[in-house]
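There are two complexes below, and they share subunit A, which is joined by subunit B in the first and by subunit C in the second.
Take a look at the complex of A and B:
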């Protein structure tokens, strides 16, 4: 009996050991990005020539629920990856695709099994550089980036600078589609405004008059609002307040826009509107989705909102209420006769970094050049090829392999509206990747298609969000966030708490729980909770320039 | 056997009233979800759907089952539950049995007990656990979902206490008849323990079924996600996606997501069905477990 037990014990120990060994051995072969090249492949002379031998580049990307894969396509096999192989003989493989990119990426960094190229935020960029895991791209960028790509960086040199650490380029900023998508508008229901024969609003009083007229004739409430006070914050620029961004104050130092005296004025007027029953009386219980339901169910006809009203709730409004019930955008007018400056924040989607273990880092630059080429010079290529790349929301696939032309949306707007002005029967193919926007606008104009209302109200219509925003940009009627780069320490750790303090306080004032003088107490609370420290840090990092 | 005093009557009324409210708060959101899944998407976006479907349609269910994604995730979840609960039960029974004995019968029992209980109090944390799982080469396999939680200590202790409740005489009788400890466990104890196994088994099923997080961090491809991880992707609220999305171009992609709100409800409902089916089947063991005694005096 005892002997049998001993034999069993030995056997079991043996099993455990074998298991461990097997685990270790497997680890030996599969550690890190297993498929990457071990040796560097010789670089062809012409920047657009393919490599002699296949270069394998690994990357990672977030899952995007919007991508509608065509039959046979997947994250691992799609028009982009096929084009890379065909043009450069570069094979791009995904180490992983995840629906929680940030968590997964942090785990991957902790595991030290980073892919060859991937996209990080400013904080991760600094960590990776300190851990000595990423490539110094300074020389490679100079040598291999196309003129197009370099042009973007020259145009956005401030942003380009934020990718440098210790004077060397470690992360290539991805930039953004442009600040034209940042200014907000006041959206007013078209058929109600026409029925009541109301003029376009020129001042804030006009806006309120329209809201009141709607209320008298159609019931409900005047202005939309939600528990985050998004609408109030959008309107605050009318009083010269700039909530949520850092601005230069009277004494020349930098301060947080949400706690400046102008904000108090805006708050005072807004509180009065709430008292008069113009602002949605139930806003404290509504999130953004609930707020939009009010527009679809005809509770209200005026809404301060982002430029993408046409995409959401636009289609639902058209489906439920018809094409005449769409809301049209108007520039946010002044409340005190002074010029209104729109808020513009630092827009950079992320930084492209390359692993130190990557044997052919220049291959990444070639792929970035490719993206810039098809994006900006797509009309030189076969139309079908371009449509394949840009259809089905496939632009989200080269997640770490794209730098975006900061004028993309601006140029697209000009192209689409110019073509619409000429005729409604152009062949969309002649517009390259912008053809879809054009044909969507045409669909809406001709048949009132709900799928086209987004593009129509953003760009194509006679009253469109970008038409207003283009004017704002051309006339420089905007103010840039003084924090033009990554957040400072206190903001990273406590920024959202600080904002919550303000939102809660503002809400109390608006609903009448506290008087307007509470604003000063609130600012003091905000400062002692970390606001003062944040201000100090911002002045240190971004002040005096 | 009825106590019809005044106090009892009042108690009954209040009791029923409170219980009704509690059960309504559980059931109504579910009915709302069901109504949304059967409604037209236009009505849903206007917030017009309450507890009755508006413009009845089955298109959401067609959409949910068409892509094949849902079914694939469902199969992976089934695989995980079968494997995972199987391993859970075997390991729990094998651990709980010796631990249910006294210190005299099993030397070092309290040391083992502390060894297990400590894992309930402190865990390695997400990153170390991730490193271990990756280091063992489990990442991107079904084992990464099954092995890290192979011994659910809490459930094991419940099972252990059930075993302690069984009169010693039963085991002694078997031992006298010449049964080895293993035979006693399999042939004598397990049949008696059925209600207990049903209880902890159900706990394990629900844990495996509902866990979405491990699927998300250990799987490298959304095609390998179990059902709950897949549903979580759909549920990431629209607002959150909107705020993290990359500018105007991506909004179009989100639009597709938005239209799918009814589809989302349909998939949530389909995802809840398997667990709802299991409950009634295990119910009989629960009631039995309460009245079951093996040594009749």
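Take a look at the complex of A and C:
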């Protein structure tokens, strides 16, 4: 009996050990999967020449539901990757494609199995640098970046600076499509406004009059809102308040826009609207999606919203209520007679970093040059080639291999609207990569296609979001976030907690649970929960003195 | 040792479970050191050591203490309701003469138990809205509309009632099963002695049901600091944080949404410590008051 037990114990121990070992070994092999290209390959002299020997670059990217793969194409084999191979003899391979990029990337970093090139946020950039896992790109950028790419960085030198740590370039900022996409508008339902013969709103009182007229004639409520107070925060600029960004206060120091006295004024007016039944009485239980449902179910016809109303909920509105039921954008008018300045925040999609283990980091720069080239100088290339790269939302594939021209949207808007003004029958191919936007607008104008309503209301229409925003940018009617760069330490760790406190407090005031004087208590609470410390840090990092 | 010899087959069967628990529950315990570090995923467990700084931070947050109270209040109310309601229902169903009817009711009340809170929340938001079924019904009597999900003083009760409503089918089935195991002879002799229906319940059914009730209670006590993340996360909003924000939703906003692993781990560790004390206390109480022991 005793012997048998011993045998059993040995057996079981063996099983457990084997299991553990198998686990360890698996981990050992998975780490080095893509690192087949260990030797550096000789670099050709001309920057646009292909390598003699194939260079393999590994990367990772998030799944993107918008991508409509043509037959035979996939994340691993697509026009972009084929072009890389053809132009430079660079083979790009995906270590993984995930629908939960951030979590997966954090795990990849923790596991130390990072790919050659990938895209990170400011916090991860710092962490990777501290762990000494990424390449110092300072020299390589100087040597290999094209003039076009360097031009973007000169234009956005503040953003470029945020990619530097200890004076060295560790992350190349991806920049953004431009600040033209930042100002918000008031969106008003077209057919209701026309039926009631209402004028375009010039003041905030006009907006409220329109909301009331809609309520009287069509029922429901006047203004949309949700539990995060997005609409209120968008409207607050009308009172000179600048929620969610850092601004210069009366005494010259920097302060958080959401806790300044102007915010109290905005809040007071908004509370009155809620009391009068103009603001959605059930906003506290609605998230953004639920709020948009109210527009599709004809509960309301006025909504302070982002520039992309035409993309969401635009198509649903057109499909359910017809083309005349679209909401059109209007500039947010002043509530107190003073100039309205839109909020503009630091915009950078992410930082491109290169692993220390990458043997040919200059290859990454070549691919970045390629993206800038086809993006801005695409007219020098074959139209079909360009259409292949830019159709089907394929621009999301080179996720970590692109730096975006910060004037992209601005220039696109001019090109699309100028062409529309000439004729509706131009050949979209002549517009290069912007041809798709143009033809979508034409589709909406001619046949009311719901697929075109987004581009029409963002750019092509006589009342379009970018038309308003371009004016705001040309006339400099905006205020830049004083925090023009990454968040400071307290904000990184407690930022959302601090904002939570304010949203909760503002909501209490709006629904009448607390009087407007509670605002001062709220600001004190915010300061003691970390707001005061955050303000101090911001002044240290971004202040003048 | 002799006992072991006689029962070794049972121990063998127990072994895989023990090994799994050891691997997946005990080895990862090492990870609690994250709570004492300024965790950087790139550095892993060798991130800088900060001692109790993360704990100081969470206790400096005014919102933290209220989340503990909210968690406790909602969880305890759910616990009590989650026992009283199914017991009453089981007793009522047990009195039904028609077996068919009994089955139908049993199935009907069990159904909500199978729906996930994500779906349930969508349904509840519509039912409980100002223009929803419940408020229309209340409107007939001139009450309301009551803002069930947007009023801080009502919200916790909405959570408690809906959670009990969703889950009481399961408890009812368990108690019904326990009821059928009661010896019918006891009732027969009670009737001979002239006991009324009420007296039969009071002196036969309830005492014999007690062990099951206590078992369910002790099992539930391990969850006393889990006030129902998936339910509350899907139904709450900033206006009800005051009374509806629980530890888990707070950790989620703080830890996951902002990737502050260390702070999240610190709160998680704190919660585990408090839970351990509570479970231990309840176990001792169950032993002292009802003579019930698991081990």
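Here is the rule we go by: the second predicted complex is superposed on the first by the 509 of 545 C-alpha atoms of A that agree within 3 Å, B and C clash if a C-alpha of one lies under 4 Å from a C-alpha of the other, contacts with A are read in each partner's own complex, and residues count from 1 in each chain.
The rule we apply is simple: a contact is a pair of C-beta atoms (placed from the backbone, for glycine too) under 8 Å apart; a residue touches a chain by one contact, two chains touch by 3 or more.
Only a predicted model underlies this, so the values are computations on that prediction, with no experimental measurement involved.
Participant: Determine, under the contact definition given at the top, whether A:272 touches first (subunit B), second (subunit C), both, or neither.
Facilitator: A:272 sits against neither subunit B nor subunit C.
Participant: Given the touch rule stated above, what does A:336 touch, subunit B (first), subunit C (second), both, or neither?
Facilitator: Touch status of A:336: no partner.
Participant: Taking the superposition as given, does A:249 touch the first partner, subunit B, the second, subunit C, both, or neither?
Facilitator: neither
Participant: Subunit B or subunit C: which reaches more residues on subunit A?
Facilitator: When the residues of subunit A touched by each partner are counted, B comes out ahead.
Participant: Looking at the overlay, what does A:227 touch: subunit B (first), subunit C (second), both, or neither?
Facilitator: In the superposition, A:227 touches subunit C alone.
Participant: If we overlay the two complexes on their shared chain A, which of subunit B and subunit C does A:110 touch? Say first, second, both or neither.
Facilitator: A:110 contacts both subunit B and subunit C.
Participant: According to the stated criteria, A:383 is in contact with first (subunit B), second (subunit C), both, or neither; which is it?
Facilitator: Neither subunit B nor subunit C is touched by A:383.
Participant: In the overlaid three-chain picture, which partner chain does A:285 touch, first (subunit B) or second (subunit C), both, or neither?
Facilitator: second
Participant: Which of the two partners, first being subunit B and second being subunit C, lies in contact with A:393: first, second, both, or neither?
Facilitator: A:393 contacts subunit B only, not subunit C.
Participant: Could you pull out which residues of subunit A sit against subunit B in one structure and against subunit C in the other?
Facilitator: On subunit A, the overlap between the subunit B and subunit C contacts is residues 106-107, 110, 287, 290.
Participant: Taking the touch rule as given, give the residues of subunit A at its contact with subunit B in the complex, in rising order.
Facilitator: 23, 26-27, 30, 63-68, 74-75, 94-100, 103-104, 106-107, 110-111, 113, 176-178, 181, 287-290, 292-293, 296-297, 307-308, 311-313, 315-316, 319-320, 347, 349, 393, 395-396, 408-409, 454, 458
Participant: In the complex, go through subunit B and note every residue touching subunit A.
Facilitator: My answer: residues 42-43, 45-48, 126-127, 130-131, 134-137, 216-217, 219-223, 225, 229, 232-234, 236-239, 241-242, 246-259.
Participant: Looking at the complex, which residues from subunit A come into contact with subunit C?
Facilitator: 1, 5, 8, 12, 16, 102, 106-107, 109-110, 112, 123-124, 127-128, 130-131, 133, 227-228, 281-282, 284-285, 287, 290, 492-497, 500-501, 503-504, 507-508, 511, 513, 525, 528-529
Participant: Considering only the defined contacts, which subunit C positions touch subunit A in the complex?
Facilitator: 5, 8, 12, 15, 19, 40-44, 57, 60-63, 125, 129-130, 147, 149-150, 152, 237-242, 253-254, 257-260, 263
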